[in-house]
Every structure is written in structure tokens, then in C-alpha cells.
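By letter and in written order, the chains are A, B, C, D and E; residue numbering begins at 1 in each of them.
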Amino acid sequence: MDTAPAAIELDGLTRRYGYRTVLEDVSLRLPTAQTLVVFGPNGAGKSTLLRVLATLLRPHAGTVRVLGEELPARAWAVRGRLGLLTHDPLLYGDLSARENLRFHARLHGVPLGRVDELLTAVQLERRADEPVHTYSRGMVQRTAACRAVLHDPAVLLLDEPNANLDPGAIELLEPLVGRASGRTRVLTSHDPAAGLAEADLVLGLQGGRPVLLAPAAQVTVAQVTELYRR
Amino acid sequence: MTGRPPTPSPPRVTSTRTAVGALLRKELLLERRVPQVLPAMALFSVVTFVVFRFALDTTSVEGDTASGVLWVTLLFAAMLGAGRLFVADHEEGGIEALLLAPVDRTALLLAKATTFFAFLAFVELIAVPAFAILLLEPGLSLGDVGRLALILALADFGIAVIGTLFGALAIQTRARDLILPLMALPLLVPVVISAAKATAPVLAATGAGAVPGRYLAVLGLYDLVFGLLAYAVFDYLLDD
Amino acid sequence: MYSTKLRSLSLATLLTLGGAFLLAAYYAPVEADQGFSQKIFYVHVPMAIVALGGFVWGGIQGLLFLRTRDPKHDLRSYVAIHMSVILGIGVLLTGGLWARAAWGVWFEWREATLVSFLIVFLLYCTYQPLRFSILDPEKQSRYAAVFAVTAGAFVPLNFMAVRLANPFIHPRVLNNTTGGALPVDMKIPFYLALVGMTLLFVTLYRLEMTHKLTRGRVKGLERRLERLQGERDEASIPARSAAPQVLA
Amino acid sequence: MTGRPPTPSPPRVTSTRTAVGALLRKELLLERRVPQVLPAMALFSVVTFVVFRFALDTTSVEGDTASGVLWVTLLFAAMLGAGRLFVADHEEGGIEALLLAPVDRTALLLAKATTFFAFLAFVELIAVPAFAILLLEPGLSLGDVGRLALILALADFGIAVIGTLFGALAIQTRARDLILPLMALPLLVPVVISAAKATAPVLAATGAGAVPGRYLAVLGLYDLVFGLLAYAVFDYLLDD
Amino acid sequence: MDTAPAAIELDGLTRRYGYRTVLEDVSLRLPTAQTLVVFGPNGAGKSTLLRVLATLLRPHAGTVRVLGEELPARAWAVRGRLGLLTHDPLLYGDLSARENLRFHARLHGVPLGRVDELLTAVQLERRADEPVHTYSRGMVQRTAACRAVLHDPAVLLLDEPNANLDPGAIELLEPLVGRASGRTRVLTSHDPAAGLAEADLVLGLQGGRPVLLAPAAQVTVAQVTELYRR
């Protein structure tokens, strides 16, 4: 157990919503700086898993360790080192991208200069002072990506990060949220081939149960595609 | 520390003070987007009192009636305020964003309650003079103003705490707007009644009487109890 | 072309208003109860009538805007309401002064005319905040027009309702000066002042329209220039404004 | 018709009646699921009466004062309700969904105004008895109740129309909660005045007097004018 | 002009938001039962174009004809024959999928039986009576797709329809919104290869200007990828 440092360790993680068990007995170990890709049909529990890791939902059974800290007890100790990008951008539509990011920078105790840097990196500089609700969907997603990496998190939790992004934007974001960022990453994907290419470790979920857990090298695209057959 | 995975950086925690500062700043920014709040507030109170003046069909009020009118108006303003307190956060996931930050969750309570308190104080800053000019029979002496300010501050504190607590509760449970009035309004009855009772002698035409101490005591006690209670339970409201 | 018309307009305004005030001061009789302070009547009443007329005009222009979507109507509606609010402040001030002189109070709650005017005035005070709180210029115009139409219809209705509710029109000056009861030597300066005040309104209205249209034209030309120089307009979003802009 | 592309099906248009029915059904379903409007309005009125009851220190009121208190309270409650009338639709794109349907856009006005009217009536069903029990000096005879119902119906119509029109307008602005009472309160002054005046004799301690017809006429005229006006301009609020 | 029936005809379409021109001089003709795929980087105006066609935004210049009816004047005549699927699901979170769809069915004058049919087709039957806000993102997207095709529209406007859908769900939806549905379709995509495979006609937008308009057969993936280079 204590042989190698693991960024994320799950042991028998179970989570319910009301009476519906959404994650059941998920166990895995993800070493630092590696990428876990979670596959599974709609409603399999991918987003729920990410929310548990993000300390937003507490596990109902099993142990969850992120960066060596057990959740939910020591959640406060990891919060500053996690970055989450979900279906929901978590931005105020009436504030501009810059104002939104500055707000988060203050909350995380990050120097405000970082905000302008990031805005330039995702090519939003010119629109940065317009309210977010006037942005196109892809521009919102870029802003949300900036929010997720603002505080230079050690662990990135990415829920279909490329949805609504154009190929150019995906490239732009690569140094921030891609493998190049050198962070430990957990990401969900609906694209077997592209997802597999990113992965070090693959988790397949079906109805909340882990049906596939293997190093990416041992998983074929066909195996992933199989997950979606009903 | 053997076997413990190397943490790339030590736990980063933002101090509650910084967090409250950031949150207040954001509230202010969102509020500033709604321009001309000051004149709008002035308009609002004037219109309200004009409505009262007409509906009650008296050209002026004093004592009990005055105090009743004043406090019902403030209650109305408070309801308007409390309803919108968490709306932006809820709609746009602001609460989650906060929960993701390395910040004590009570920072949100502090920031929201402060915002709400400031909102109420702001309304009163305009509504009370408007009230005195438009409706009140006797003028207000400087001493009266002082006494009134004390009552207002005590009541506002209670309203702000209750409003924030149940505002957060309402947002978290899906029942939103049901919870807020259903629980907050009955809970606010003692505050408003004590405040109205305490205010009545100040507004009396016969010259301001002494503020009955027991109503102030009730207000103070209320503030203390619910202040501590809110501080204690607020965390749980936001969890999960 | 704008300026010559404007010049003759302002000249006419100056002459009529000046004449009216001179007549009011020297020709009209001094009122028995109130003495000289009653002279404010010749400023106050025409101003009030013109302000209310301006609100209704703003409503009509709002309606036209909704039907045609021509930004010029929105501009007219905006300017009319803007001017009327300014005149409204004048009405409240002169009325207050008059009330102070005649009744010893600044405001008389029992007087239906005063209160109903106050309500209308307060209502129109929300026009600017409304425009400000809508970012999209088109939506701004449309919503402002809806407001202008509704409020315009409200003006006469409100007067009726409030007057009905307070059946006692204040006995003093009002009774013996209303309408036909006005003696001829007060009537002449009064109507002249009314005409003068209307002209003043029209002059101010024209002035602001010209200003806004010229500014819009300049902005439009600047924009076109930028485009010719190959720059996209994105960097030069205009400062937020609640005033309608008619770009040329 | 040469050259006209073959339309696969003729224009399909849903009748306004069907549309209003569908919309009303949806409103009821939503309110039953997540009560947003009714509890806030009802509780606010009851709490206000309680506050007046204690603040006024008279065990009862009658005539002008009674009718004033009743109407101001109902007006405030209506403002709280109007603010929430469009919130769900705005947040979740319900308005766009409607705009995509082959439906006359005024169906939304009709449905919302009807909903609001029903809400007001429902709130009054609770508030008026509460008022009678908590505050009113004389009881209400059956005849009084009938007369009161007429006045309430006339006033509610006006409030529902103005509330819907300006609720729809305010929801698109950034100042939402402030803009609505700012604009609707002055606009409703005539309604409140007339309704209060008309109600006063009904609530008089000396036995109910006749309802002055002219106030009813003003209410009727108001309803007519703003009903037609709202019908004419509502479309423009939804366009684009 | 009048030679063949066209489901959609644009001539010089221009649309602004405030002072920013978002669509400029777009002209095209899409015959009935064909598919137009719109490519372009984030903020290019794809969603705006779809909203104009859906009668939600009025054009500022140029003529727009959908199913032979000119917009915005005769918008009412086409509304019942259009289906729109956007970034925003346009569903009430507090109502269940069934309730939402029944509401729309009533608005469109469609028999309520169709609702159950569709719910079964997208495999949501079992969850159809739970509130939409408890659904996973992909389940919401499926419900939204049902909403878009509920009234059997002649023209389908699809804004990145497959975002958040798993591969199995994409297959499920194929008969409803795919080429197999036989409807005239306008869809936006960020995936050059997959998008091209669907297209009869390709429109490339850049900053609101049409920079590419050609039959799909004459367009290569490289040409589409080129659009995203800055």
C-alpha cells in the first residue's frame, strides 16, 4: 500500500443519491502525474465520481484519499490543490471573464497577474471585459478552463473538457489541462480512441460499477466501445 | 512521514478574512452592475410611503401606527432582499465554486450576512428620512435618531442572520422559495414586533418616550442566539 | 440646416416666454389673497401641463417605435421623457415654493393634483434605470418603449383616479383660477406662457435630438473608417449608455 | 403557386386556447412541485397582519385604516409574487421553448395573468380571513363578503395584468427585483386607492355602508385600459 | 431561382448583437432533405445562425426563407415545422422528462402517445418520471433531442447535437435526428471528419463571414481543419 506515492486512492467507494446507488465499490490507485480516463455510458456515474473527488459530495462508504488526505474528513486540506471543470462553468454570467477569474484568484490567494496571463493564453484577452453571458458556448468553456487551473492545482478533474471547444481551442488549452501540464488528471470522455490516447489508467463504469480497470496500454478501443453496448 | 505521498505543495488555505473580502467584493460588483441603486432605493421608499399615505388616508402618522408602517415596509424590503441574496450564486454555480476554494465555509455566512446587513442599512438610510419627511407627524430629534439607529441595527442583525441562514437552506434544498418565507417569516415575527414596539415611543407625537428596555433586550438576545446558531450550523447547510 | 431652424425656434421661445412673463408681472392683476407670490402660477402651471404632455408624447413615440422599429422614434421617446422629467423637477420646485408662500408648507398631501403629479414623476424616474439595466441596445429600446407606452396611458388615468379619491379640490386659488373662471387679464399672459413653455420644450427637445443625431453620425463614420482600415469593431465597444444611438 | 417549394405540411398553428391550457397546466404542476409563489405571498400577508396587530396595540381597526392596511399588505404580497412569476421560465429557457412553438405569443400573457390572478385569489382566501380574525373590529356579514369579493376581483385583475407585464419586463433586466416594485408600485397606486376607498365602507364599524360606485368604475376602467394595453404590447417583450 | 425547391434560402443575411456584427452577408440555398453542416471556430456565429433560422433572432439585413416562408414576417407559419436543439436543453429542471415533453406536445398539438414512444426510443422510459435536474448531462441531452423532434419537424436545427452523448446514445438518436430521419438538417460541429461525413453542403464561418461554401463532396477534411487555424 505504502510502496509508491499515489495521488488518488479509492477503496470500496460507494455513493448514493437517495435510494439509487450511483457508484458502487470503486477501488483504484492513481500515481502522481498520471492520467485516469473514466469511460461509461450516460448516467454511469462519471460526473458523480469526479464530484466526490472534488470534495463536493461525500462518499457513503469506502475510503477516498486525494493527495494523501482522506475525504471527507480532511477535505479542507486538499481543496486548494484541486481543479474542477464540469458540465457547468461555475461562472457569473453578469460578470466579465476577468472579474470572474479575479474573484476566484482572490478566493485562492493567487496573484491577480495570473488572470491576465491565462486570458491571453486562451485568446480571450480582447473579450475579457464583456459579461460572460454574451460569450459563445466555447468561449465560456475556455473561461471555465482558466478557472480550473488558476491556482495551479496538483490534481485536475475534467468532465468532458473538450465539449464545445473547437480544435484550435483544444490545442490552446493543451498546456493548461493536457498531459503537458504535468498534473495528475482524472478525465471523462465519450470518445474511446481520443480518450484512450490520453490515458495512463482506464476505468470503465456501467451503472456505477467498475467493469474495467486496467493500464491504458492493456486496453483496446474495442474494449472501451464494448462498454456502450446494451 | 514515511510512505506518505509527497504533496507537491502544502495545504493551501485562504484566510477567512481574505475570503470574506473577496466575496464582499464580488457582491458589490454584481450589485454595481445594477446601476443607480441609491436613487432606486430612494424611489422605492418614497413610493411605498405614498402608497401608505393614500391607503391609510391620513396625511400623517405617529407612534404605534407610524412604527407599524415603518416596520412592515422594512420587512417587505427585507423579503425582496433575502429572496435575491443567493439567486445569482445558485443560478450560476457560485456556491460550488466557493466550496471548491480552500476557504472556511462560514466565510460565506459572514459575507452574505454582511451584504444583507449593508443592504438593509442602506435601505433604511434612505427610507427612514423619507418616512420622517413624508409621513411622520413630529420631526425626529437627534436623540431620536440615535435611539432609532440602535433599534434598527439590532433588528437588522437578526434579519440578516435569519435571512442568510434560510436563504442558504432554501437554495440547497430544491424547495428554494418555499423554505425561505415558510421558515424565515415566522422566525422574524419576534424581531419585527419587538422592533416595532421599541420604535413606537420614539415616533410618538407627544414627544419621544423612553425606549422600553425589554424590547431591546429581546432583540439583543435574539441576535445572540441566532448569531451563534447560524455560525454553528451553517457548515452543514452547504455540505453535499 | 439643423442650426437655422433651431435658431429661429429659440428666438420664438425667448420672445413668447419673455412676453408672457412681462405681461404676467405688469399687466396681470395681483391676486388678492396671495399677493405677488401668485405670479409663480404663470411658470408653474404651464410647466406642469407641458411636462405631462411630454410624457404622453413620449408614449406615442414609443408606440410608433414598436410598430416601425425605427430607432428615431426611440430617440424621440427618450428625449421627450428626459425633457419632461427635467421640467417635472421644475414643477415640483416651483410648486413647492408656491405652496410655501401660500400655505406655509412645502408639500400638501391633501391636494390631489400634487400627489398625482408626484406619482407620475416617480414612475418616470425609473425610466433611466430601466434603460441602464438592459445591455442589449435593441432590447433596451423595445423595453423602454413598452414602458413609455404603458406609463403614457397611465398619466391621464392616474389623474382621474387620484382626483376622484380626493374629492376636495383645494379651495383657495384653485377654485377661482381654474379654466373658465380665470379673468381675462390673467388668461392672456397664462395662455401666452403656455405657448412659450411648449416652445421651450420643443426647443430643448430639438436641441437634444440634434446633439444625439450628430453624435450618432460621427460614431457611425468612425466605425466605417475603422472597418475601411480593416480593424474589426470588437476592440471599440462604446461605453455603456442608456441613450439610444442612431448610427448613420 | 409555381416555383413555390412544396411545403411538406401546411403551417401548423396551435390554437391560443390549447396553448393557454398547456401553459396553465405547466404552471400548476411547477407550483405544486416547487411552491415558489404562493407560500411567500400568503405568509407575508399573514405576518404583516400579525405585526400590525401587535404594533398597533389596538386590538382592532375598522373603516379607512382597516382597508388601508389590508390593501397595502395585498399589494406588497402581490409584488413579491410578481417577482417570481417568470423566474423558472427565465432560468430554464421556458420562454424560448414557447417562442419555438406555433403559438400566439399573447398566450403567455393570458396564461401568466390567469395564473397570477388565481394566485392572488388564493392568497386572499387566506389573507382576508386572517385579517378579519386578527385585526378587524366588526365581523363580516355575508353581504359584505360578496361586496368585498367584487372589489377584490376587480383589483386583482389590474394587479395581475400590471404584475405580468412588468414581471416579464423586469426579468430581462439586470436589476430584476428592484425594477419591478419600482415601476409597478406607482402604476398600481390608483388601484390601491380605489380599492381601499371602495373597501372602507364595507369594513366600517358602524355597519357596512354602500360601496361607492365611482371607485368601482375607476377600477373597471383601469382594468379595461391596461388589459387592452398589455394585450397590445406584450408581444414586444418576447421578440428577439 | 425558382428551379428546385429549397428548404432554406439565405441571401445576404446579416445579424448584429449590439454593435458587433456576428453574421455578415451569408447566402446559401439548401434543398429539401439535405444536410448543411456549419463549421467555424468558437464565436464564429454558428449558434447565432441557427437561432436566426429558428425564428428566435430576427435578421438585420438580407432575406431568410425557411420552407418557402420569409422570416421574420411569416415566422408563425414555420414555427410548428422547425425543431431546435441547442446548448441549452430548454427543459424545466423541476419537472420530469415526461411532464416536460407532454407540455411541449400540448403546445405543438401533438398526441401525447408520441411522448412515451420517444422516451422508449431514447431508453429513458425507466427514469421518465424523475425530475430532469437529477439526470446526468447525457440524459438531459437525450430528453432535449426528444423535445426537438416531438412534433416531427420538417427542418431540424442541431447545435452540436452529440455533445455529452455516449456512442450508444448517438446510435439511438440516429433515426430521430440523423440522416435517416429524412429531414432537412442544419447542424454545427467541431469534428471535421465526423461533421463532413454527415454533410451534403458545408458552410465555413470565420468571425461571422462565410469563408467556405461548397458541396460536401468537394470539401476535404484538411480544408475544414484550416478554418480553425489562426
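Definition applied: a residue touches a chain if its C-beta (ideal position, glycine included) is under 8 Å from a C-beta of that chain, and two chains touch if they have at least 3 such contacts.
Since this is a predicted model, take the numbers as computed values, not measurements.
Treat each pair of touching chains as one step and give the shortest count from chain C to chain E.
Contact-graph shortest path, chain C to chain E, evaluates to 1.
Sort out for me whether A-B or B-C is joined by the greater number of C-beta contact pairs.
The greater number of contacts lies at A-B.
Please identify the chain with the largest separation between its CA centroid and the CA centroid of chain C.
It is A.
Comparing centres built from CA atoms, which chain ends up most distant from chain D?
It is A.
Please compute the C-alpha centroid of chain D, do the same for chain E, then give the distance between them in whole Å.
38
How many angstrom lie between the CA centroids of chain B and chain D, rounded to a whole number?
About 27 Å separates the centre of chain B from that of chain D.
Chain C to chain D: how many Å between their CA centres?
So the centre of chain C lies 31 Å away from the centre of chain D.
Residues of chain A that contact two or more other chains, please.
94, 127, 134
Would you pick out the residues of chain B that each touch at least 2 other chains?
33-35, 40, 43, 47, 50, 54, 91, 174
Counting only residues that touch at least 2 other chains, which ones in chain C make the list?
119, 122, 126, 129, 133, 135, 138, 165, 234, 237
Show me the residue ranges of chain B that touch chain A in the complex, using the header's touch definition.
Touch list, chain B to chain A: 2-9, 11-14, 18-19, 21-23, 25-26, 29-30, 33, 88, 91-94, 96-104, 239-240.
Please name which positions on chain E make contact with chain A in the complex.
17, 40-44, 47, 87, 123, 127, 134-139, 141-142, 160, 163-169, 190, 192, 225, 228-230
Residues of chain B touching chain C in their complex?
Residues 34-36, 39-40, 43, 46-47, 50, 53-54, 59-60.
Under the stated contact criterion, what part of chain C meets chain E in this complex?
135-138, 223, 232-234, 237-238
Please output the residues of chain E touching chain D within their complex, sorted ascending.
Against chain D, chain E makes touches at 1-2, 5-7, 32, 54-58, 67-69, 76-82, 84, 88-95, 99, 103-104, 106-109, 131, 147, 151, 154.
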